[in-house]
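Both complexes shown next keep chain A, but they swap its partner, so chain B is in the first and chain C is in the second.
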Partner chain A sequence: MQDLRKALSAHEILSVEVYKTMWLKVRIDSHDLLAVAQTLKDEGFIAISTVSPTDFLEEDRMEMNYFFENYTTKRNCWLKCDIPRDIEACEIDSITPMFPGANWHEREAYSMFGVRFRGHPDLRPIIVSQDFYDKTPFRKDFDWDAHEANTVENIQQIVDAFKEEQEINEEHLDASSSEMILNWGPTHPASGPIRLKVHCDGEDIISIDPDIGFVWRALEHLVTKKDFVGAIVAVERLCFMDNINSMVGYCQAVEEIADVEITEFAKWMRVLLGEVSRISSHAMGMGGFYNAMGLHTVGMWNMDIREYFLDFLESYSGARIATAAIEPGGVRYGLQMNMLDELQKALDKFDATKDDIKTIFVNNPTMKVRAAKKGIITAKEVESFALCGVVARSSGVKIDVRIDEPYAAYAQVKMDYVVQKEGSAKDRLSTLFGELEQSIDIIKQAKRHIEAEIENGNFNPTKDHMVKVPKKLPKGEAISRVEWSRGEVLMHLVTDDKAKSPYRLKMKAPSFNHTMMLNKMLQGETLSDIPLIFGSLYICQGDLDR
Partner chain B sequence: MLRLFDFFAHAKSESVWMAHFCTGCCSLEMAAAMGPRYDWERYGYLPTPTPRQADVLIITGLVTKKILPALLRTYAQMPEPKYVLALGACAFDGGPYNDSLAVIKNPTEILPADAFVAGCPPRPEAIVAGLEEIKKKMKSGEPSAASQGGLWKEMEF
Partner chain C sequence: MILEFIEKVYRVSKALGTKSPATEDVREHLMHKSERLRGEHRIDYETCIGCDACNKICPVSAITMKQLPFKKQNIVPEVNLGVCIFCGLCEDVCPTKPEKSIVLSGGRYDMITGGWHQDQADFWVNVDVPQSYIDSRLEEEEAARVKKELLAKKKAAEAALKAKEAEVADQTVPETEEKS
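Here is the complex of A and B:
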């Protein structure tokens, strides 16, 4: 951290402070952005987590937030600068030429806030549908109701744009060759709601342009209409496969602003529930990988295991998936001891099946032949594109927020990075299974600890789960990171004075960066590799579009 | 002759295939319904990759503006008789995304559904129960709701 401070002192820095020990919060003038970014890059801050503008309507400024991460030293830098809010002058230099991982994040900022990035190689709108082009839906003064009044015209615009796109494709493609543009999705069984525009020559892929936003619910805008507790409904719908950990991330940010410390019991419960949720997601992820290859057995087996873990969630919260179990101030419900019996059943089920899954599917020779050399991501690419989670660890990059910046009770949990070496599709499957086993181990640790402490009388499972968090929060901002099942989720929460609802919540979700890699990974491959590589990246459209 | 006709309706209703098309998060519980514990294949349900062989289109939860044309196109590609099942609160009134203006809050006004399944997301048992409703409709030879009305007929997609 001292090195970074020293290196940055060469520039004109408006303010600098250490934030949460891991972060250096630096405010600069927007004209110095490129120079400072270069210094950061030289210091090893190669990954850019996200670019998040905040619109301050009353102060008439747009605040840009850049979150840089150093994957080696695990130190992070939070860069802030102001740019004019006026739509004509709302411009800043693009850091994409320097940090390729910023590409889509800058496009998102452009589509949502109308921030133009000078020197961006490909500044097209992303996520939003055609009716939002050249509009700024996330700005505070955007009139949603007026926009909504024309729903029929808006849909017509989307339809027209699609037809026009097909016509342009027809005109530009060489009719005498076998060149064509295929739409992979949104109705493809392996795709989910995403459309890949695959430019191919016969079977060989020339390039891929992902069209995303088919499940864009504007969650980041939706939370600003709800109170701090109500917002968890939107936050957990980031992706239903693993909803607990995204709520943990949001609640930590709220607690930080409210200056509330949750109880030790609630921290352990967050670990326990988070890992259960991770298992239910990873089980589906493994199934998705094999489904994409055309084998449904592992999906069925894992779905069976997953049901047992959902039984535990159901006994705890009353809902299988939409649990809303984490709330600012702790966890929503107390713990009855018979709930842990359900959990024990699930653990037994996993232990009884895991050897078979490992022998038959994870070490499957046919799968190895098919996937061992496909979709390789190097460790260098992981860093420059800020990939995280399973994908990053499969390439041998040792990052895991649970270890690097421990939250909840993870500091007391014994765990290590689950890594593979090559970063191929096969390695990603192995990592997934490795993490399943790791999560089981963590659950066992957490369960043992909770049971022992209840026995000792240190935890009161029916009273300790919540501490009071005030309904109105002071002015402030916080970031919180959690290791979600797919990777790091970064929540940037801004509140106003006496706030009842979030002023701005930026959710950085891992699938966004991973989808960015598709074009790079699939160039030169054949059409039959698309489902395999797409499935191995473990993408969920929920957190891709938000 | 009448009897033979009944036989076809019965046969159709006992092997209901649905277009494999996910528009929202309820598809997760749909996957659970396909899984070993709830195993909807016992009742003859099967997801099919192409709408050309499908009998039922499931609106799996939320429908955004961007995906609506694709949804309607999928429906148009299905052969008659075809039915629509609406899953979850989103398909009814926008559900938890009711305040979000990127989401269509009344997808069933555009594409009328033959049965609704409540919940966010609905439980797998409820999904199977909803499909049983469709089955009844198929058996009786009743025309589907979408064939009788809905905004989709006036829309270009």
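Here is the complex of A and C:
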């Protein structure tokens, strides 16, 4: 941290402070951005987590937030600078030539806030549909009602744009060659709601341009319309498969601004519930990998195991999928001891099935031949594109927020990085299964700890779960990171004075970065590799579009 | 040969006698039962204090408040189940004690297993307040109003009496001062 401070002192720094021991919060002038970014890159901050603009309507400024991460020292840098809010002057230098991982994040800032990035190689709108082009929907003065009043015209605009795109394709492609643009998805059985515009020559892929935003719900905007408690139902919809951990991330940010410390019991419950949720997600992810290859058996087996864990979630919270079980101030419900017996049943079910899954599917010789050399991501690419979670660890990069910046009760949990070496599609499947086993281990630790502490009388499972959080929060801002099932989720929460609802919540979701890699990974491969590589990346459209 | 035939007849006749599991209506037999299962709402109009908290917290605006012909505590929630996401926040904020006035947990689940919805209107949790309850509440309010009026009259009379006494005292005080 001292080295970074020294290196940065060469530039004109407006303010600098240490934030939460892991972060250095630096405010600079927007003209110095490129020079400071270069210094950061030289210091080893190669990954950029996200770019998040905040629109301050009353102060007439747009605040840009850049979150840089160093994967080796695990120190991070939070860069802030102001740019004019006026749509004509709302411009800043693009850092994409230096940090390729910023590419889509800058495009998102451009489509949502109208921030133009000078020198960006490909500044097109992303996520939003054609009717939102040049309309900056996340700015505070955008009129949603007026936009929704002309639904028919808006849909017509989307249809026209699609037809125009097809016509342009017809014109540009050589009629005598076998080149064509193929739409993979959104109705492909393995795709989910995403469309890959595959430019191919016969069976060989020339390039891929993902068209995303089919399930864009504007969650980051919806959150600002709800109060701090009601916002959890928007946050959990980041992706249903792992809904607990996203709520944990949001609630930690709220608790930090409210200056509330939750009880030890709630911390352990967050670990327990989070890992149950991670299992339910990983089980589906493994199924998704094989489903994309055309084999549905493992998906069914994993679904069977998953049901037992969902039973526990249902007993605890009253819902199987959308649990809404984490609230600012702790966890929402008290715990009854018979629920832990149900969890034990689920753990037993996993232990009874895991050997079969391992021998038949994880070490499957046919799968190994097919997937071992496909979709390779090197450790260097992981860092420069800020990949995280299962994808990063499969390439041998040791990052895991649970270990690097422990939250909840993870500091007391014994765990290690689950890593593979090569970063191929096969390695990603192995990592997924390795993490399933790890999660089971963590659940066992947490369960043992909770039971022992209740026995000793240190935890009161029916009363300790909540601490009161005031309804109105002071002015402030916080970031919180959690290890979500697909990777690191970074929540950047900004509140106004005496606020009843968030002023701005940026959710950085891992699938966004992973989808950015598709073009790079699939160039030169054949069409039959798309489902395999796409399936191995463990992408969920929920957090891709938000 | 004959033995085989007898065995086959026996097997078929046995199968005819047993009830096939496929004919059983499993909608009532849950695989897993949870006391906290967030199902259809139950609303108690008698304990509801009409504080509007459930309506305010609802993240999807599924709740509308029904107006009742009283002066106080005159609104009661109604839920549109087609919009509701069953998050249960309305139950959490309900301030009535010991029983909450709006409860989802342990509610009916059969709307997801099918069966009872014939009509769009079935996706509403309506509150049917019987006329007798309305009458009794109105009577209560009327009685309270009359009582309050009487009290106010009594108070006014008392105040007037006091004022008179004070006046008399005012007149008498200077006299006593002069005397002393």
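Just so we're on the same page, the second predicted complex is superposed on the first by the 546 of 546 C-alpha atoms of A that agree within 3 Å, B and C clash if a C-alpha of one lies under 4 Å from a C-alpha of the other, contacts with A are read in each partner's own complex, and residues count from 1 in each chain.
Keep this in mind: contacts are C-beta pairs under 8 Å (C-beta built on N, C-alpha and C of every residue); 3 or more make two chains touch, one makes a residue touch a chain.
Just so it is clear, the model here is predicted, and its values are computed rather than measured.
Greater residue coverage of chain A by touch, when chain B is weighed against chain C, goes to B.
By the touch criterion stated above, A:226 is placed in contact with chain B and with chain C alike. In the superposition on chain A, A:491 contacts neither chain B nor chain C. Of the two partner chains placed by the overlay, neither chain B nor chain C lies in contact with A:235. Using the contact criterion defined above for the overlaid structures, shared-chain residue A:322 touches chain B and also reaches chain C. In the superposition on chain A, A:333 contacts chain C only, with no contact to chain B.
With both structures placed on the common chain, the touch criterion links A:187 to chain B but leaves chain C unconnected. Touch criterion not met for A:83: it reaches neither chain B nor chain C.
Contacts of A:284 after superposition: chain B is touched, whereas chain C is not reached.
By the touch criterion defined above, A:129 reaches chain B but does not reach chain C.
Comparing which residues of chain A touch chain B with which touch chain C, the overlap comprises 226, 233-234, 322. Those residues of chain A that touch chain C in the complex are listed here as 226-227, 229-234, 311, 314-319, 322, 324, 332-333. Of all the residues in chain B, the ones that touch chain A in their complex are 19-25, 27-29, 31-32, 34-37, 47, 49, 51, 62, 64-70, 74, 96-97, 99-104, 120-121, 123, 155-157.
Listed in rising order, the residues of chain A touching chain B in the complex are 129, 131, 137, 144-145, 147-148, 151-152, 154-156, 158-159, 162, 186-189, 192-193, 213-219, 221-222, 225-226, 233-234, 237, 239-241, 284, 299-301, 303-304, 306-307, 310, 320-322, 542. Those residues of chain C whose C-beta lies close enough to touch chain A in the complex are 32, 34-38, 57-60, 85-89, 92, 104-105.
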